[in-house]
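Heads up, the thing below is written out as structure tokens.
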Amino acid sequence: MTIENAAPGKDITAEDMRSKFPLAAAKHPGHRSIVEVGGVAFGAETLPVMAGPNTVESRALILDIARTAKAHGASLLRGGAFKPLTFPYRSASYFEPGAEALGWLAEARAETGLLVVTEVMSEAQLPGVCAVADMVQIGARNMQNYPLLTAAARTGKPILLKRHFGASLRDWLGAAEYIMVEGNHNVVLCERGISAPHTHRATSRFLLDLQVVPAAREVTHLPVITDPSHATFWREWVAPLALASVAAGADGVMLEVHPEPARAAVDPLQAIDYAAFSRLMRDLDRIAHALGRQVRPDLREAA
Amino acid sequence: MTIENAAPGKDITAEDMRSKFPLAAAKHPGHRSIVEVGGVAFGAETLPVMAGPNTVESRALILDIARTAKAHGASLLRGGAFKPLTFPYRSASYFEPGAEALGWLAEARAETGLLVVTEVMSEAQLPGVCAVADMVQIGARNMQNYPLLTAAARTGKPILLKRHFGASLRDWLGAAEYIMVEGNHNVVLCERGISAPHTHRATSRFLLDLQVVPAAREVTHLPVITDPSHATFWREWVAPLALASVAAGADGVMLEVHPEPARAAVDPLQAIDYAAFSRLMRDLDRIAHALGRQVRPDLREAA
Amino acid sequence: MTIENAAPGKDITAEDMRSKFPLAAAKHPGHRSIVEVGGVAFGAETLPVMAGPNTVESRALILDIARTAKAHGASLLRGGAFKPLTFPYRSASYFEPGAEALGWLAEARAETGLLVVTEVMSEAQLPGVCAVADMVQIGARNMQNYPLLTAAARTGKPILLKRHFGASLRDWLGAAEYIMVEGNHNVVLCERGISAPHTHRATSRFLLDLQVVPAAREVTHLPVITDPSHATFWREWVAPLALASVAAGADGVMLEVHPEPARAAVDPLQAIDYAAFSRLMRDLDRIAHALGRQVRPDLREAA
Amino acid sequence: MTIENAAPGKDITAEDMRSKFPLAAAKHPGHRSIVEVGGVAFGAETLPVMAGPNTVESRALILDIARTAKAHGASLLRGGAFKPLTFPYRSASYFEPGAEALGWLAEARAETGLLVVTEVMSEAQLPGVCAVADMVQIGARNMQNYPLLTAAARTGKPILLKRHFGASLRDWLGAAEYIMVEGNHNVVLCERGISAPHTHRATSRFLLDLQVVPAAREVTHLPVITDPSHATFWREWVAPLALASVAAGADGVMLEVHPEPARAAVDPLQAIDYAAFSRLMRDLDRIAHALGRQVRPDLREAA
């Protein structure tokens, strides 16, 4: 009988890096990996931006947003076909996405050339999602759903692994290791806000943890991006924290964008509109450029 | 298009109780339900205790613990056949439980008459688990794995729903509602520690939230128990916090018990030994009795 | 040049106990001190209860509460003459206590025989407070106001040291050591709720940390009590958490009591009324008695 | 009898802004104040940087650091003459700063022209500190030491008000209001890390809360800066989080700088050395410039 889990301390040790998550662990200071997703590189000089609605509400909507995302320099289209909503009830007019929404994502992909990243909530959804998605998202709530991690890993698709809002960096890297041990090393980590004592608004439940960006870079070679939309749950804070993410060293950002945010079917307080998205893409590039990276070099060249 | 999730505030409103979790919500002050599991009542005057090892390590071990649990007045035997361990690696000598462990749990049940509660991590495990278990445990990490909640609910088995360490009470009741909306109203809630700023030991990651016990009783009629073993991750704190749980109004406790805790295969710092378990059962009864409830009335009658 | 503060880790080490707070540290497992305050012992078999209003609002009020507190078995009268309110404004009708309130506390003490514990916010208030108080309270917000700790220690009065809602156990014991190093070893620690991710009500800002009770007993010999009124900020939760405190091993409790809680000048949501106080004193005694301690043995003898 | 503190909720309401902190509250969206300190403006296009050692260890040290800070474009020299250390003991070789250190700060100020900001722990220290300091720092631990806030405000000196690591934004603005109600409107807010569930290193106790930067800008017109050194307690994370602070909209940063950080008398893990400081000043300017502000325009002009 041996001890499998004797000291799950709050912090990461060298022994953890050797024996608990050897594949995810950095091998030497400054060790960084590049994860390629359909020709887009995470962890490189150019920072990919994922943009799109919370939920794929309709064909027209997703096509419109995809065109806008493309025009402003995003590399991936995000949008939920399967959504883990906190409560089981839907209003009569609510459109439940699913297989049909996956088709619309495929159409948007074909038209714009944007890659698609979308969430999977169960093993049963994997074949349908993988037929469309270039990158499979494991949502925060399923970060430690190990059977799902294993099944998703085995599809060979690159995985976007969101951090659960209650999880430590150590827990998160354990989840990444479950994917990598299946031979799938294409994992991108995504910080999306933690449960914290102070979040500053009644409707903002989470706090974006930007300290985790340099902390992760010390112990893992995997790229780290952030999702300031879900973290802040308040559109006014999305731009400042997206910019701060890149300044802190994040390898990309995921943004919720909607033509009429207040009418979004889900989370209408957090999406930004097209004008705000346009300004933010320009500013993200400026911040990246200030630190030797870039988001939309074409903007600067044109200037 | 309607707003499904417009204001996921930090706290519960009357509107939440009406529209977000109407089945889990208390209908009037003091509304309490009794959940029956194989003749054992949760939410009644007599408080059930669940005891057992973290992991079903061997046939001999589980039978020995079951006999001890029974002798000291526990009503349910706990023990993991499927364990969501934080990292994917196991030592060479580690016994991976699973189907074989389920058989041993069945044997312990047959011999001692204890009911069995054990965790399920995926839909695929449900048939095997349901053939043995009187109560199906949804672990903290799967609290918002909604497809699993739905599938587990549909088995008709009573569900032990652990709170995720990052989840609010509101999130937790949303998960309970996903079970109840399937027609399965036999849900027992289990608090097992939250991620918090201060946990007081390098190896203790969680803080047992006892404020949630009276808070839950204000808004839900479902029984609430606690698991001080996983919360404290330190055996010396298990007894004080188990006693405090009952004093705070908990409807039962779950305890990790092992004949040689330091040799437990998983989490060897948190299990209590037989002598500590015996003392704790006596003291739990004393506390319960002081408040008009009971755990082991036979102990008092014998005295 | 030497390192004074090299590793202020999150948790307490044996080295901390030897060099950082040697006076507050337990010398051996089970080491417990008794702190005597005017004949009342903290840390002994009988648990002292402190009761009273948040603020000493009027002479009539404090006398009425004092008589009730005495009749129900409290040992100390609490009540603020100097209050660190979060905002600087007071309504026209607000009575600012202060020196006059200290006189009323003295009168209540003389009439009832209750000891007085009251807060001091600055060195300038110490002479006036010490002329009346049997025990000087350092409020949570001043826990690391070291000049105040030193000055209060030097008066020789027993000190009630509240834990700041953001402070670790290690920080708290550092503050105790600042008092003890002045030769004043009569320190009682009081947990009053921490800033935490989940507090369950919009108006409840803190979470009572009961895990700190056994955690403190491992590393310090000083008595530990709790203040569930300030922690919960909601009167319905005060009794369950007061009872849980004693079950967890607390050496006493502090309670806010008011004849008409909804009309209390400060924090009207947290005080309990006389009937609730009466029931709680009985139940506290029952819980204490179940564990070999007592609060009001006369109640049981009379029964 | 009136209700002074009826609903100290977790979040700020319009009513709070009107009645609880009307002086600190923003009067309209986008309302920003400029606070002038000896010719240096906080809240303007050019972002002031405060740099210096944790503790004024010696005359030679503070003069050397002051010259370096000046050469690299800092506007203020920081350094503690009075330090609220967590434990009362000092090693034999520890130099206790105090009045002598204030003299050295004055000398550094005279030689370099840098303004001086230094902490005050008690009213008794105010005259000595005010004779030297251009800006008086209220440390995190004294954020709600209201008598000290009032006394400091009455000196007329600009105040740097650090946020306590357990305090909400609402608490913090209440403290600012205590200063402003005395007629002193020259308040600069400084975020320096909060107690949070995840801090990612055993020796890092705090999490820099960058969400508070846009949150504060919504409700107050006062400038907000950050102190990433105390927040992260780990020098490797100081630059990423200083840069992120400016990207999030902070009006300046405070940095701990030391020629030989590992030999610093206090907190040797958090100070950055001169080379890192030089690089950081350049990068801060680049980030500021990307967003229409600046730190060291001379650097760019020279380039």
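When the chains are written out, they are named A, B, C and D in that same order, and each has its own residue count from 1.
One rule holds for everything that comes next: a contact is a pair of C-beta atoms (placed from the backbone, for glycine too) under 8 Å apart; a residue touches a chain by one contact, two chains touch by 3 or more.
Quick caveat, the model's predicted, so the values are computed rather than measured.
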Relative to chain A, chain with the most remote C-alpha centre: C
CA centroid of chain B to CA centroid of chain D, Å: 46
Whole-Å gap between the CA centroids of chain A and chain B: 32
In chain B, residues with contacts to at least two other chains: 9-11, 166-168, 194-199, 202
Contact graph of the chains (line, ring, star, complete, other): complete
Parts of chain C lying in touch with chain B, wherever the complex brings them together: 9-12, 166-169, 194-202, 204, 207-215, 218, 231-232, 236-237, 240-241, 243-249, 283, 286-287, 289-291
Parts of chain D lying in touch with chain C, wherever the complex brings them together: 1-11, 19-21, 57, 84-91, 93-95, 121-124, 141-148, 164-168, 170-171, 174, 177-178, 181, 194-195, 197, 199, 202-203, 205, 233, 263-269
Partner chain B, residues of chain D touching it in the complex: 10, 194-198, 202
